[in-house]
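Naming follows writing order (A, B, C and D), and every chain is counted from residue 1.
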Amino acid sequence: MMRFRLSDTPLDIGTERRALDHAAAGAYASFEGWVRDHNEGRAVQRLDYQAYAALAASEGDAILDEAVARFAVREARCVHRVGSLAIGDLAVWVGVSADHRDAAFSACRWIIDEVKRRVPIWKNEHYLDGESGWLHPDNTPVDTTT
Amino acid sequence: MMRFRLSDTPLDIGTERRALDHAAAGAYASFEGWVRDHNEGRAVQRLDYQAYAALAASEGDAILDEAVARFAVREARCVHRVGSLAIGDLAVWVGVSADHRDAAFSACRWIIDEVKRRVPIWKNEHYLDGESGWLHPDNTPVDTTT
Amino acid sequence: MNFRLLYFASLADRAGRAEETRESAADTPRALYAEVASLHGFAFDRERLRVAVNGAFVGWDHALADRDEVVFLPPVSGG
Amino acid sequence: MNFRLLYFASLADRAGRAEETRESAADTPRALYAEVASLHGFAFDRERLRVAVNGAFVGWDHALADRDEVVFLPPVSGG
């Protein structure tokens, strides 16, 4: 089962979340990452996500499978956009269903943290002043010239 | 601004969440409570929520306002169903937008915990065996005969 | 004084009604609860309940006024 | 041996290309990175990168084989 996928078109969460339905699930926690208009004090105009697609898919799937094994959840899914995104666009969605809310929240938080830490996806921010740059995991700029 | 409301009709989250849109928000966390088919080992068929509506609205609003003051969030909303619900129905929704995910997750979790603890809403579970009963906050049955 | 009482959840079941109007000499929710608990056979200790007057939470020694709406709230179970 | 290398993000910018094919005597990712870092002027210390061969993460002393696809991965920033 593929619990993680990349998408080069806008995410349709209504469809994604149906995979989480379960009569025994009393709790659903979700996280969405939206494109912000600012980062580290600079005005952001848009951004591009680039992925090493084959490895992103397998690493993302490994994270979701690990989450289902580690936490008392019924199902978990994640979709990450690639390509060019505008302010307010949905960049990543994580959804988790569980019998109880503790597990739903914990697994959801763990998944987004691991996705940001491990999945080979890179964010290139384009600033209002015309500059652009690849970012580090902590959203500070990569400086490859030093 | 009314950030909390009761609804006696099915919740339409697509509409609710538009109130959370903000160009500076990079994170959205949500929680949904769904009607489970079991509780404390008993098969549940459906349930009713009853509310002291006037106080539920003001207490719910106080919780949401408190969340917006306590956490670095852009907006927060909550809707709770009243009336008769079937298995899988959406009973409560909490949505929070924030610049960063830490605040979004923390506020969302705090809101649902406070709503369950403070808002005058009561759950009456109807079991497959034909019995029914009002529940305590920890989902154990109220026994008023002892 | 004349009070309007609302009952919810298990208290409504036990009282057999969702509301009632009562003449009472009780001047605090504490005294009024003792009266209706005895009348309807409510089993909850007062410590497990909260009380609201005219739509706002109050303490058990709040001074009641004529025509107040008084609600004894069982432990909640929303969410 | 003949390797196919893919470059992403800042490494692609610096190399001026998204992929290349190289003849090399390097028998580990460690040796191959030293070679291409010098060639393209990559500024990342190797410790800050991860390496994947044929679509799976491997260690820096993994034994390379002819026609392997080798990718040096800068710190990721998805989410």
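Convention: a contact is a pair of C-beta atoms (placed from the backbone, for glycine too) under 8 Å apart; a residue touches a chain by one contact, two chains touch by 3 or more.
What you are looking at is a predicted structure, and each value in this text was computed from that prediction instead of being measured.
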Minimal step count in the chain contact network, chain A to chain D: 1
Geometric centre distance via CA averages, chain D-chain B, whole Å: 50
Whole-Å separation of chain centres (CA-atom averages), chain B against chain C: 25
Centroid distance [mean C-alpha coordinates] between chain D and chain C, Å: 73
Residues within chain B bordering two or more other chains: 33, 112
Sequence positions of chain D contacting 2 or more other chains: none
Chains touching one another, given as label pairs in label order: A-B, A-D, B-C
Touching residues on chain A, where the partner in the complex is chain B: 14, 21, 23-38, 87-88, 97, 99, 101, 104-105, 108-109, 112
Of all residues in chain B, those that touch chain C in their complex: 33, 49-52, 54-56, 58-59, 80, 91-92, 112, 115-124, 134-137, 139, 142-146
For the chain C and chain B complex, residues of the former touching the latter: 6, 8-11, 13-14, 42-44, 52, 55-57, 71, 73-79
